[in-house]
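The following blocks contain the structures, represented as structure tokens.
Each of the next two complexes has chain A plus one other chain: chain B in the first, chain C in the second.
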Partner chain A sequence: MITPEVTATATAPGRPRGGLVNVPKRFLPVIATFVVFVATFGVGSVRYEGFASGQVMANLFIDNAFLIVLAVGMTFVILTGGIDLSVGSVVALSTMIAASALQAGWPAWLVVVTVLATGSALGLAMGWVIHRFGVQPFIVTLAGMFLARGLCFVISVESVSIKDPAFRELATGSIELPGGVTITYGVVIALVTVLAAVYVLHLTRFGRTVYAVGGSESSARLMGLATTRVKVGVYVISGFCSALGGLLFSLYMLSGYSLHAVGMELDAIAAVVVGGSLLSGGVGFVIGSVVGVLVLGTIQTLISFEGTLSSWWTKIVIGALLLAFIALQRIIVRRT
Partner chain B sequence: MKNRLLWPVVALVALLMLNVVVTPSFFSVRLQDGHLYGSLIDILRNGAPTLLIALGMTLVIATRGIDLSVGAVAAIAGAVTCTHIASGGNAWVAMGLALALCAVLGLWNGFLVSVLGIQPIIATLVLMTAGRGIAMLITEGQIITVNDDSYRQVGAGFLVLPIAILISLAVLGLVALVTRRTALGLLIESVGVNPSASRLAGVRARTIIWTVYVFAALCAAVAGLMISSNVSAADANNAGLWIEMDAILAVVIGGTSLAGGRYSLTGTLLGALIIQTLTTTVYTIGIAPEITLVFKAIVVIAVCLMQAPVGIRVRVRGKQGVPA
Partner chain C sequence: MTEPVVDMRGISVEFPGVKALQEVDFRLFPGEVHALMGENGAGKSTLIKALTGVHRIAAGEVRYAGERVSFSAPAEAQAAGISTVYQEVNLCGNLTVAENILLGREPRKLGRIDGKAMRARAAELLARIGLHIDPGSVLESHPIAVQQLVAIARAVAVDARVLVLDEPTSSLDADEVAELFRIIRVLRDEGVAVLFVTHFLEQVYEISDRMTVLRNGRLVGEHMTAALSRIDLVSAMLGREMGVLEEIERRSGTPGEPLLVAEGLGRKGSVAPFDLEIRKGEVVGLAGLLGSGRTEVARLLFGADKADSGRLLVDGKQVRLTGPRAAIEAGVAFSSEDRKAEGIVADLSVRDNLILAMQAARGWARPVPRKLADELVAKYIELLDIRPADPDRAVGNLSGGNQQKVLLARWLVTQPKLLILDEPTRGIDVGAKAQIQKVVADLAAEGMAVLFISAELEEVVRVSDRVVVMRDRQKVAELDGEVGVDDVMALIAGGGDHGVDQGVEKAVAS
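And then the complex of A and B:
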């Protein structure tokens, strides 16, 4: 939280400069997020014995692998100035489809393909409605949220456990890193998703158009960019990521349940905002969202280490953190 | 005006007709002990909190804003009131306290939006996230039950009609009177169309935005009182859960655009009734409760597409050659 104040003194009045040690201004929110992450983790390391271990760090990734994937998809949507409220429900639907299809004896690979296809198809449908009929993304994805959650209940109201050996092996298997730290396959999948997203956003035409649409849709269209493809495409990506996140979540819980992941869309949005993206679109980085997820995860770990604090403090702290980041962004945007 | 309200009316009538076909006694209302009973009365009673919150939401949306925190505010109102009554306080004082606290929360939202200029969806997301935490802090994570007759009246009482719907309708009448019989409605719409232009034209945009958020929070507080008094308990986790979504849907179904600048109170009334009728319909015609949400999603999508800025309506009208 020191960064903006330092910038304030470093900037001569009326002559906005690049910022702290010539770091481009657009990186400031991400750096601030990273500083907050280091600070919260630092507080934990100082206060609790055994907090600053590699395994606690690895657990952050293990426990939040699905949220990282969701936040990646949400970042794409938010970069275009949209929003996707359906992700939590799509996660639940994915766990439900996976669990019940496995129970019915489908092979694991077919289940994975089906789940990913369903998520992408839902995203495609929502994106198409948003684009074709000009209905607000907020409303369309809200309807998508009801629909996906409802479809879960149609499949089953009971919790379905996953007994498929391939899934169980994926879920319980672990990879040992140097230093005796172990991670799950889910973490690897999440990190690969992040890398793929970074590649798409920064090194492809599609990615550049995402930023352009977020900056100004009409300008982007007038420049001859494929805005339609991008506007629909980001919802497909978000739907795909939600389905993938759902698969990771089903590995994490080893069950499918209609009430899984209630309100997870808010966690994903909070992570993206804490990660320094502007909800109006055009500004933000996938890496920021990942660090945002880690910040939320660290807060939860801190509160569980503390032990005497009740779980509701998590919500209050996340709310306060959201506020701090919004205020920070206002300061940066005003100075531009 | 008529054009905009056509589809919501059609949807509501269709839903009601569907009910009558399935249960012929659907429209029957009987008077017993000076209370009216019947399916229609149930719809009114259960729809009262949604209607009230949707009213506050309508004005917020008319200024091109949105308030996601109303559900959390409703939970806080119930938590404050029940905690105070449970510790031996007077019900009226407790309700006064809850309203005062929620007005402060509304001021906070308004401050973030109008003074700091934060996007409404994010500004109210802060309170939506933190608000449930605050409500749990007040109740210390317990579900607090109370036994107070005057408090129970708010949500479960009858004065021929259920008191809850009388409160909501009174607020509706008041809002209609204040915004449509004075210039206030026009000013709210002008802020929604273009805040800076209206400020240059001499409209106090900041004060108006501030006012609508406080009003929305107060509506949410009263709705929270109805919800918690109906069950004589405060549940910080589940009271008013997702009611912000229902309220926003009611407003949108009623033809108020999320882009701001125009609003329809009649539309909101219709929207809230549609949402509640939908829920009741699911029970009366025996749709399995499991697919309630799917049914709801389909109706919402249908109504939204009918009203879409571009789309089906144009083509349908073109084919029939009859202006709707």
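And then the complex of A and C:
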């Protein structure tokens, strides 16, 4: 062809040279989150002796394993432009089912399967209602939130402690990493969940359709993609992750209680947003959400090291961070 | 002669209460670019949608590649080789170019997407249409024009035999259009049949081999592009409305001071910089085809879109229109062409609709007294002959013409200095049309400046003291005094050599 060739002007073809300067814009929020994480951790290391240790880092994962799993599920939902408010209540319901079923003498494996199935089924039901009746996800999952929380009280209003030896062993057992750092099995489960999520989101048709639906649902449908399956599927995934997070939480607390994890859905949403996902959908990474959880965890650790500060300062700092990130995203979006 | 790849015979499409298409014949040959022409509501989109399986066909048959077909969904048509690229880019901006081209049919290896193979395949398809961009880059990072071309790459990725382009150029500038046309020619030479819909006459004459003209859901004719002059095309598209309407008496009053002066006002991608002067007591008509920029001019003057060049003077003072509120404060009122979406509040009563703009002007702290509201409502119901004359009836229950009158009354209540009317008579009956035209004339006689936009040339010419002609987003002429429909039509058609008489050429101001 003897015609002039078009080259796009916005991004130069080929990979950018010159290192950090030319990072694709979509990675910016994640990088910003990572910088915030390093900075907060750095502040802690400078101010407090013993903060910059491997074990403090490992504790971040141990104390937040359940939140990481929740944030992974929430990332799927938010990527499609939806929201899932039920996750905190489903965590509580999961701890309740697990604790009371174990008390009733069920084998541990059956308890695990039951809890995961319940969470997934709740997610499926909510996703189906959202799709079938075209209702706002906010309202449907709000209903799911009340439903799950109410079911907890139907099982028991008291806290039920877990005495099952298998569960106790899982909860207290630890894996030693090189350097004398120990982590729990919960951390391993959380990290496996993260890896699985990354694989699904980036290397399967389902995952790419999640991004496509979030980018433009009508376009995705016109392109002949399986939008229905994806829109319902993400709530199943979120429900499954909530149940899994609930199991990790019951390992962490070794009890089931109706008032566990009150407001945890908001922590999960905050982690996802701080991690750089757009609430309008289509933009974000699971890794970002994980770093978002770590940022929240680090702030909590900082405040506990400070000792004199009230733990409510965590909420204040998280609030400020959320605002900052939403502003940052608006700026990035407007530039495109 | 070769066989047509698409042959539609006697196609009728009906929507509840409306015959959108009536017995339309349409043929599309391989290796040709075929333009589908017609004004808004002529049935172009309906015909395309009847072909691609979006709309059900009430009568007639569609033959595709010699076989009788009836697609029930766009996906079926696409699988058979009929790809459509819509006016808005229907892709996902947040994904990469390669993904957008191959989404839903990505090459896979052991169940997982093979990113490398996907980028390679995408690069191949992009190369076919001569577009050299990084397939791994995010679609959003490219200009709309490139995104449009990526949409075409996706459309031809399935070995399309028919490519439907529904107004692909409406958001492109001249260079980008040239690039699109180059690609269309490449595909045409490969034997793809291209169906092209646009409102830009220049482009039709540049790219198309053959055209089909529709008007009001009926076939007007099929022509070789080379054999149909612009003036004939425009008159085929617009038709002629016979003199059903009563003559409006020309006001003898002389227009007063300039009320609004626009100097070099423009907005990139919307309308080219233009000069415009509207004097008190004058009706200025704005004529042009749909998409010529006539509505865009109105939106700029009202501050609904922000101008990025030029300045605007109202009453000799420069004003900065930061939005409609600023415009209303400056005394400008704008009655939108889309009265359902941007005009009336269907569930509120006639009275409430009428005083809405007035209330906005007074501020929430000073409610409009009931007595004043009743007086005003009674006055305008009588003045405009709104029927039924019941101030408590919900506006949604009124006929289109009466809804338009309520909308007009709402702005008149605020006593604007300049009234912009965008298609005030579209879709309303002849009687109401005449009434509205008369009101416009009376208002001007009382000293109000009016900018009157309409697709109907006869109406524009009859109502206006001066007519500004728009073509391809540019102001091409300003005609003073007694102008004829033919003169305006010639200017709208453009090209200059199709019988524009001398008098008109002298009157061309810019």
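Definition applied: the second predicted complex is superposed on the first by the 316 of 336 C-alpha atoms of A that agree within 3 Å, B and C clash if a C-alpha of one lies under 4 Å from a C-alpha of the other, contacts with A are read in each partner's own complex, and residues count from 1 in each chain.
Everything below uses one rule, namely that a residue touches a chain if its C-beta (ideal position, glycine included) is under 8 Å from a C-beta of that chain, and two chains touch if they have at least 3 such contacts.
Owing to the predicted nature of the structure, the values given are computational and were not obtained by experimental measurement.
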Tell me which partner A:Ala327 touches in the superposition: chain B (first), chain C (second), both or neither. first
Should A:Ala196 be classified as contacting the first partner (chain B), the second (chain C), both, or neither? neither
Applying the touch criterion given at the start, work out whether A:Leu110 contacts chain B, chain C, both or neither, answering first, second, both or neither. neither
For chain A, which residues count as touching chain C in their complex? 1, 3, 5-11, 13-14, 24-26, 199, 202-205, 208-209, 211-212, 214-216, 218-220, 222-225, 282-283, 336
Contacting residues of chain B [partner chain A, same complex]: 66, 112, 116-119, 121-123, 125-134, 136-137, 141, 236, 245, 248-249, 252, 258-259, 289-298, 300-301, 304-305, 308-312
Chain A residues touching chain B - in the complex, by the definition given at the top: 83, 129, 132-136, 138-140, 142-147, 149-151, 153-154, 157, 266, 269-270, 273, 279-280, 310-316, 318-320, 322-323, 326-327, 330
Provide the residue numbers of chain C that touch chain A in the complex, in ascending order. 74-75, 78, 86, 90-95, 99, 103-104, 106, 108, 111-113, 115, 130-134, 137-138, 140-143, 146, 149, 154, 179, 182, 186
